[in-house]
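First chain A sits with chain B, and in the next complex the same chain sits with chain C.
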Partner chain A sequence: MDILLKERTQARPRGPKTRFRLACSKYLAILRVSAANNLAYILEVIFRALFLIVLIFVIGQLWKTTFAQHGSLLAGFTPNTMVWYLAAAEIIATSLPALTRTIDQEVRSGELAYLLGRPCSYVLYNYSRYLGERLVRLALNAVVAACVALIFVGPPQIGLVGVLAWPVMVFLAITIEFVCYFAIVLLAFWTENTQPFAFTFSRLELVLGGVLIPIEVFPQPLRGVAQILPFSTMLYGPSRILVRFNVGLFGQLLLQQVITLMVAGLILLVLYTLATRRVSINGG
Partner chain B sequence: MPIIEVEGLYKTFRTRERAAGFAGSLSAFIKPQYRARQAVKSTSFTLEAGEVLAFIGPNGAGKSTTIKMLTGILYPSGGRASVLGFVPWEQRRKLAYHIASVYGQKSQLWYHLPPQDTFNLLARIYELDESEYRKRRDFLVEVFEIAEHMRTPARKLSLGERMRCELAAALLHKPSVVFLDEPTIGLDVIAKQRIRDLIGQLNAEEGLTVFLTSHDAGDIEQVCKRAIVINHGEVVLDAPVARLKHDYLRVKTVDLLLEGQATELIASDSESGQQRLSIQLPGSLHEEITSAEGIKILKANGHGLKLEIDTALSPLEPVIAAIMQHGHVIDMTISDPPMEEIIATMYRQAARTGNVALPDEEERVETPLEATS
Partner chain C sequence: MTLVRSCGSTLRFIGAYFVANLQAAMEYRVAFGVQILVMLGNDCLWLLFWWSYFQRFPLVNGWQQTDIVVIWAVSALAFGLGMAVCGNVPKMAQIVMTGGLDAYLGMPRNALLHLCIAATDPSAWGDVLFAIGAYLLLLHPGVLNLLIFLGSAVAGALIFISFMVIVGSLAFFLGNTDGLVQQLLNALITFSSYPMNLFTGGVRILLFTVLPAGFISFVPLQMLHHFTWPLLGALFGFTLLILLCAVGIFHLGLKRYESGNLLGMQN
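Here is the complex of A and B:
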């Protein structure tokens, strides 16, 4: 190799701080570009958000009827907190991007080759891209859902601490969702189609995650099972903390989120390590 | 010293086989059958800095698989390779800073955003210094003449415009080696030529090493100095392009749409009864072009005339000029023989000369594996 080439291929000496700064800037740039790319789909995002009006209105009516028959308190929820809970849970549930389909398509079209050839982590690249897309959807959903709930049951009876704790829990919740769905996508290296797994996971999340009915309202022993399953950390946890903040419960749910994230992250790491050895890209 | 060294590299894919129909699907579910397919057989070659190598072969020959192993995307089943001193599949991310790849049928540009945004993102991904990046971007924008496309969403660009943007994007971080996988596929003649010129220019000006795979003999003739021909996952020829051109790329097919009848240009040989072109070369009124001079009439039907011309015996220009002098030509296409035909010619010549280095053309590289669940 000639001298010029040698100079070019030698790594520039960089301290850990610089490397960390450059890595952060890299993944933040991906997040920003992904958010901008999704603003091109703004009409689709708005239509999806408008669907929340129908959803909150119909389920809100069901809750109103239930409360009319059972009194003004149900497992600690008032009609107001119940509708706001529903709105908070739907904000998260309906903002999930089609992560598995996007990656499946990249594998099939062979565009995966570009991403794997970049000097960045494939998992973190996808995480940043996912966050960019999801944050756009979350923001729009939050505006629409808050307006609907406001019109439907009036201002929320929630405290400032709940409002401050909510973004933290939502961030962890959507990160757990990413890790779970990404692990499902990696199954593509062993099975031919991962869509059935993703479909089953998403339906279980909707049913057992407490999106329509808070987990407290579930009958036993279903309640106990749902509480320990990872689904509750994605939808129930953040929504419950927003509408009925409680320090003890917040600590417990936060711990559950952290443990779920660590376990799911470990599974993802093992799957990813095994999967990269099995890569076979279309067209070679 | 070579910057790419490949020794005995091979890759075997295991694919699941399924018979047609419901019974076949059921049987594949109960007792799956697998087949090992050797996409790349034991391959060895080296590449020096600044070389422009054509890595060619028909569909499924193993070209893309080799590129993907050399860029670290695929793990090989065996063998050794080093690119710029890195083992690609073990040091993929470190290597990525020094190489670039462009895949003709795939895009790295963000679909809804203008190329400018993808360029800015790549600058961050490759950790480029802001001022260096701006200088490099401006240089590439000028060379590739893409200034007017930089603010147009990628989805609204034509394929040729997009490809120029793709190439410029890939070169932002000043890679030492660029892997181009079918970069001109689907492009029209002018766009193809532009891409070829740009590759040549960057090789000459920046000493860029180019590893190019293509189906298009034109890419190889005009851009590359050396060619490696691969078939059934094995190297069948490693030679200068000049030799490849002389031995295998000298025959061109010329497809003409004439204003007059094609039969007006054809005469029958009284002895053999074969058809031959009956036109006179410009400037030599008595010199008639005949089939013996390397011109074969493939088809002459109505206004259409298809010729196969061996350019070593009969240069193209005088023949075309003579046809045009004889009558008006409405449309004309000059094409190289398809890659499959070039490979077949290589095998025919190898058989004639008794060259045993070439593998059997009909050799199957697939071997069934034991069924596993």
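Here is the complex of A and C:
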């Protein structure tokens, strides 16, 4: 009895540093398990990456033809930088996991009630799970896309600073995507099905996010609208910085990413608070 | 006489399933409407992409904006019709893998046909609405062109379905090919919705054989520009060929199928 009491009193007082370290190791463990799960089904990940070859080939072919007819420089892009831009944008666009479907199912089936009772934040638990899956896909996509672009237009004409800035922007971009999609899927508490909303968001992201055409090439007023919208921070921003680094633009896009993340995070927080109030857990 | 009666019976069977599937989808009216609107919006967004592209580059390899509207309309109608009537085909690999084929093999009707028409994809109606709307509103076609458009779309729908049956049947030989089926279907849709003049040599041969995107959008576009009987013959000849291949490969695979002893009922 004494020993038990001693263990309990010893376990209780923990400093904020220790608590933070323990929380980090907890979420890192979830991330590792999620990554390992995806590596276990590597064939499926490879199949998805194969479609990337088709996408880069088709869109690259479109731009090669366009450059051949309309000059070798379009809005500052050369054929080489354009294909590498497309490859960089497609790496992010095609690595998005089925986040909304999973959480939508958890909400609908009531599994959420059990997950909420776990000693971890439901949002951070999903974020770790999402990151684990996404990082595996990103890595494989990057290898495939780089090979295709190399064969297509040769080595990239990009600077080292762009290569160093790219991971930072990609990390922020995929975090923004997580927050946006998570906020969308929380609508499952009020609506029949959230898949149409997620689908619409993904299509808007593809077209207005500059994955097929860099935003500079859009005609006005579409260009102005696309630059303001949050979609440009997810695909256009990181890809543009990788292939044509510019300090001013980097600062501007980074600021836009941070503001987007804060606004989206706030919306998510409000929705999450409202949604969890609607959860009723019955014993059994 | 027996053949006519058999055809009539099959058409009635397809019609009955079509109505039942539509009624089932309309049970959730809001979800049904939202799915249609979302797909309509998705297709319009792609047209927006092409509009913005052609604003900057009005002519690419002889292609102009109206050509893009035609290939989008004809491929969307082909895919939409295919998925509205045979919405179960994309799930074929999964059905074979999980032993779900048992439910169809025990029925008196043709197993392949029954499997294909057992479900509808509500979002396909969004594609159908987009295709007809875009073609009529943006191109103002004459009666002959409208007939060619509709005929080509029906042939395209049969090509889509046959292609999916062929790749879905790979599950009989290779095991879990669900991911591969999805990727091949995405590849077919992608190639169908881009100007064919971008591709030359081996890729073009591939697009008229293994991945028949050329027959879904390019041949109809050529017929709408300048109708010739050989083009029509090529389109319907290929449609018949791929249909026969799909039926043949499915039955070949069926010989390797092992029942999953799955207990369940068709819903």
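Throughout what follows, the second predicted complex is superposed on the first by the 268 of 284 C-alpha atoms of A that agree within 3 Å, B and C clash if a C-alpha of one lies under 4 Å from a C-alpha of the other, contacts with A are read in each partner's own complex, and residues count from 1 in each chain.
One rule holds for everything that comes next: a residue touches a chain if its C-beta (ideal position, glycine included) is under 8 Å from a C-beta of that chain, and two chains touch if they have at least 3 such contacts.
What you see is a predicted model; the values in this text were computed from it and never measured.
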For A:E44 in the superposed arrangement: first (chain B), second (chain C), both or neither? second
Answer with first, second, both or neither: which of chain B and chain C does A:C120 touch in the superposed model? first
Quick check on the superposed pair: does A:E111 touch chain B, chain C, both, or neither? Answer first, second, both or neither. first
Could you look at A:K26 and tell me whether it touches chain B, chain C, both or neither (first, second, both, neither)? first
Where on chain A do chain B and chain C both make contact? 192
State the interface residues of chain B toward chain A in the complex, per the touch definition above. 1, 3, 13, 16, 39, 49, 62-68, 71-75, 84-86, 92-94, 96-99, 101, 103, 105-108, 110-113, 117-118, 120-121, 124-127, 153, 174, 176, 207
Given the complex with chain A, which residues does chain C contribute to the contact? 28, 30-31, 34-35, 37-38, 41-42, 45-46, 48-49, 52-53, 55-57, 59-61, 179-180, 182-183, 186-187, 190-191, 194-195, 197-199
Sites on chain A touched by chain C in the complex: 43-44, 47-48, 50-51, 54-55, 58, 61-62, 65-66, 69-70, 192-193, 196, 199-200, 203-204, 206-207, 212-213, 217-219, 222
Flag every residue of chain A that touches chain B in the complex, lowest number first. 1-2, 4-5, 8-9, 11, 22, 25-26, 29-30, 33, 36-37, 40-41, 109-111, 113-114, 116-120, 192, 276-277, 279-281, 283-284
